[in-house]
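There are structures below to look over.
Shared between the two complexes below is subunit A, which has subunit B as its partner in the first and subunit C in the second.
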Partner chain A sequence: MKIVVCFKVVPDFEQVLKSDWENFSSESDLNCAKRIINCFDETALELALRIKDDVEKDGGFAECTALTFAGELKNVFSSALFAAGFDRVELIKDEGTCAFNSLSAAKNLAGRIKEISPDLVLTGKQAGYADGGVVPFYIAERLKLRAIGEAFDAGFAEGVFFADIREPTGGIRRCRIDEPAVVSVGTGQIAGLRITTLKKRLATVGKNIDIFSGATACKTNSFSEIKFEYKENRRECKMLSEISEFTEILKGSIKR
Partner chain B sequence: MRRIVFVLSGVSRKERRIEEKTFKFAGLKREEIADSLRAFAAPLIKNGAKTEVYYLDGVDDETERSSLKEGEFFVLRRGEDAAFEELSEDLRRKDDGQTVFLTESAPCANRVFARLAYRFGVECVMNADGVIEENGEFYVVKKICGSNIDMKIPLGFAKVITVAPQPDKNVGIALVGGLGLKNGRNFERLKVLAGKIGANAWLTRAAALEFGGAEYIVGQSGRVIAPDICVILGASGASAFMYGVERSKKLVAVNNDSDAPIFKKADFGLLADAEVILTELEALWK
Partner chain C sequence: MNNEQITAELKKLLGNDRVSDDEKVILECSKDYIGFRIFERGAGKHFAPKAACVVSPRSAEEASAALRFFNANKIDVVPKTGGSSVTLGVEPIEGGVILDGSAMNGIVDFNETDMWVTARAGTPLEYLENYLNKRGYTTGHFPQSLPMAHVGGLLATRSIGQFSTLYGGIEDLVVGLEAVLADGEIIKIKNSPRRSVGPDLRQIFIGSEGTLGFITEATLKIFRYSPETRWMRAYGVKGMRNGLAALREITVGGYRPAVVRLHDPTETERDLGNLAPEGYCILILIAEGPSAVAAAIGKGVEEILKNYETVDLGEKPVLHWLEHRNDVCATLDKYKYYKLGAIADTCEISAPWSKIADIYEAVTERMPREVESLASIAGHSSHSYVQGTNIYFTFGAMADKDKPECAREIYMNIIRVIMEETLARGGSIAHHHGSGKYRTRWMPEEHGSSYGLLYRIKRALDPNGIFNKGVILADKE
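Up next, the complex of A and B:
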């Protein structure tokens, strides 16, 4: 069995300085901020490894590939992924500026996914600057695969994959996945990728990322027309000195 | 002349009558969704844009079909894929280059619209917040980069749009717990307290991942609320979380870290431990 997880390394937006936000544009380089794996992708990465564990407990074998489309991928991330249990870590090089071009990102990822021909594709719900959440569905449409969105859990049981999604009306629906599908993972119960030991990380020395050229050149096209504005959401905060002041404010609201 | 097509998912009146006996609907009523989309598109409608409505339904209800007015269409949902193919072909025929397609952001709608945008060869603008006019040009606005930046996309490039759901305004008081609550048991206490004072209890995403209860998340990855007063206990005030509560009339923050960003984003602040304050509140409302 083959499982592919698409992930993206993004800036930690809480670490970005106000001056960088004030000068933000489609070509902004926020590399000065700490880089992290997008939180939803982290959940998807961990789910893939848990599925791999379940498949192997069942006597089977699952090859897990972590795939990203970016300018580069630092060793700190690839070694963490290898140490966590991924068999392959692949990078499709983005030679242009694709921060706001989800269509191009999806086309590049879909091209490599088609070559791998996996049984299951997992992605985080949304990532990247534009927080679009569209790439998983673009990939599914391009590859004519079933798409499942807002999954909060996925696994392997009774010989098939499954994904659990929350219905808007309440309740949980379990989707059986008996054909190749793209599952977009939202907020799950898993906080992030498993923590690995130093021994496991040292064992990854010598394991290399497989690098592929991007199939579609990506340039800032229509996105040069887009405007960006930083609006600092500030209120004038009055600090209360006594708990009684706080409870009076709350009581006043309850009476109303 | 610009045309706006509203695509309404949700359930038909017939399905709703059956299900209302057993389920509580959360914002799936088509009339509410239609109002939300009209409010979003108000600047365009005021500028003379014409509207059409497509209903995606699960029940072939002749009463519904016969009640359609001019400019309203009915797509039978035999299954998501079949409905999508029918809708996609119909909308492609209708597209005259000036047409904008709108729906409310929801799991099924997002899937359908992303696929629709792909077929049109355009980007889908997901979770848009509004339409504004600047110097005679219209822009679709959405928050990006963890809600730190407003992205304004010229309307010419924004053809397929899902609209961010309207905030839940039915709650007067909200109590939100962050990691400062320390554990899930304290969140259970917060829920009991909320029940006593007629409030709703919520969690930050970080707290939900730690304590459990993803359905209680408020923020960019959860619900957006607009209560009269929002009390935030033990949350630092990350931008993605603030997106969910910044529409509150009054924000009161409790945190034991004087440098917490929440104190720059709230109306009132109290430097205190969230668990201690929770105990004080429980004593007041025994």
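Up next, the complex of A and C:
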């Protein structure tokens, strides 16, 4: 069985400067912010490894590929992915300014996924910033595969994959996946990708990521204007003895 | 006396509202943020010893009355204020009492002529700093625990702030103080810019970690606050040993930037964005004071760094660090690492320039060999002096979420490696967190022939040994 997980390394938005939030554009320099695998993708990556574990416990064999598009992939991420259990880590290089172009991202990812021909594709529901959550569905469309949205869990039981989905009405539905499909993973119950020991990561030295050239170059971003709302976490340090003011602050907090 | 009797007697002595034996209050006041305790609490376990009650005096006189009672009845007492300890320094003794100074709060005196401020022990540092900033002043003291720390705890633990290269540690900032001794006597060490009247008695209490007295009030130096005149710059520096040599040249060269931080390549790659080339450290520098002084320091530092394989990264990484430097305080109780099955923490040591790089390399090379479940080991220097600097090791290790009681063993194994390598190579085993209970076993080797003097002072000031047992001083029995 083959599983592909699409992921993207993004700036940790909690680490972005207030001034960058306030003047955000596609040209913003966010290089100072800590880099993380975006949270939905991290859940998708961990789910893939759990499925792999379950398949192998069941006596089967599963090959997991972590696939990303555009930008660079630093060793800190590739070694973590190899050590966690991914068999292959792949990067599709972009030739243009495609970081914000969802359609181009989907085309490039789908091109490589088609070559791998997996049984299951997992992606975080939002593969990059400002893509509106459309990339998983664009990928499914291009590959003519079934798309499953808003999964919060996925697994392998009784010889088939499944995905648990949150219904808009609030209910939960389990989807049986008995033919190749693209699963868009939303907010899950998983804390993140498993942490591995340093020894395991050091043992990945020599394992290289595979780099592919993007088949579809793009020149423009898919949005012309984006505005983020910066919600400042206001913190006030007051003495309880300043009780009249404290009561007002408390009332204000309750209202908020 | 059993727990109920202790609580009842204290309520009679101080009033019901000053004493609590509520389990939730006791657990909250017993919290220590050492990595393995956070992991245990994540699993819903509380392995810390349980105190009989928490006593919260409102004044030095009430603290004195409580201590007379503890001393007469030989009841173990652990003083605390803000509770940001990461060393088991504020965990109670089973059946003892927690003496919580946080109800003694407020600014007593603000003196712009003599440039000092007097605050009670339970005054939050953040409150004090905001109060001073509004009036154009600062304490110059910014530990990472700033959102949690109180004045009393800063003194007791010999705290240091992120701007220490200019302002010094808390020991350089205390002008005078008030404390209550184990027998209830209230002593006051008067405020003076400097004096030559015998040994400096302030230093008996600064760093004593509540083993020699209960600090109730302190007078701290203040400085003019002018963040708008800061010079700020970040550099990529090739390799840690080379970076440490650059730090030495800056401080030995006579420059006193307020902030001098060198993060090793692992921390740089993991935590500090997409900035420096592979194998490079990040050096964060801030100089402050009058604009001409800050600019001159900047110019001098820039010249020095040309000789150390550096890449100029501009001002923005410094702004990032300033904005996010204390974020960790907000996540301590969210058990992020427990959920991933990991223990994470820091451990700080110091050493002369001639030894610090050797210690850093020895620890980072040995640790992966000896700690099977190690997930990461990295470090940074954040406080530099003419004679040397510190290394703040940051580490993580995997632990079994179903067996949180085993986390302590893994954790202490990591600490052991850091302590052993530091001592073997001539460093000091605690730079600013203090001993707490977890580093006590290495204190005899740290202090050498001077260790016995600590016992003599302890016997003189606390003959019944009621104050913070197990901290700094190993129990000889």
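Assume the second predicted complex is superposed on the first by the 214 of 256 C-alpha atoms of A that agree within 3 Å, B and C clash if a C-alpha of one lies under 4 Å from a C-alpha of the other, contacts with A are read in each partner's own complex, and residues count from 1 in each chain.
One rule holds for everything that comes next: contacts are C-beta pairs under 8 Å (C-beta built on N, C-alpha and C of every residue); 3 or more make two chains touch, one makes a residue touch a chain.
Owing to the predicted nature of the structure, the values given are computational and were not obtained by experimental measurement.
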Could you tell me if A:Gln189 is touching subunit B, subunit C, both of them or neither one (first, second, both, neither)?
first
Regarding the shared-chain residue A:Lys238, is it in contact with subunit B (first), subunit C (second), both, or neither?
both
If we overlay the two complexes on their shared chain A, which of subunit B and subunit C does A:Asn23 touch? Say first, second, both or neither.
neither
Determine, under the contact definition given at the top, whether A:Asn208 touches first (subunit B), second (subunit C), both, or neither.
neither
Quick one: is A:Ser117 in contact with subunit B, with subunit C, with both, or with neither? Answer first, second, both or neither.
neither
Subunit A residues touched by each partner, larger count belonging to subunit B or subunit C:
B
Both subunit B and subunit C touch subunit A at residues 14, 191, 235, 237-239
So in the complex, the part of subunit A that touches subunit B is made up of which residues?
13-14, 16, 21, 24, 39-40, 101-103, 106, 125-126, 129-134, 137-138, 140-142, 147, 149-150, 152, 165-166, 168-170, 186-191, 222, 225-231, 233-240, 243, 245-247, 249-250, 253-254, 256
Mind listing the subunit A positions that touch subunit C in their complex?
11, 14-15, 17-19, 29-35, 72, 74-76, 191-192, 194-199, 202, 235, 237-239, 241
Going by the contact rule set out above, which residues of subunit B touch subunit A in the complex?
19, 23-28, 106-108, 110-111, 114-115, 117-119, 121, 123-127, 139, 143-146, 148-154, 157, 172-173, 197-198, 205, 208-210, 212, 214-215, 217, 220-222, 228-229, 231, 238-240, 242, 246, 250-254, 263-272, 277, 280-281, 284
Which residues of subunit C touch subunit A in the complex?
105-106, 124, 126-127, 130, 147, 269-275, 278, 316-317, 319-320, 323-324, 327, 336, 339-342, 368, 372-377, 396, 398
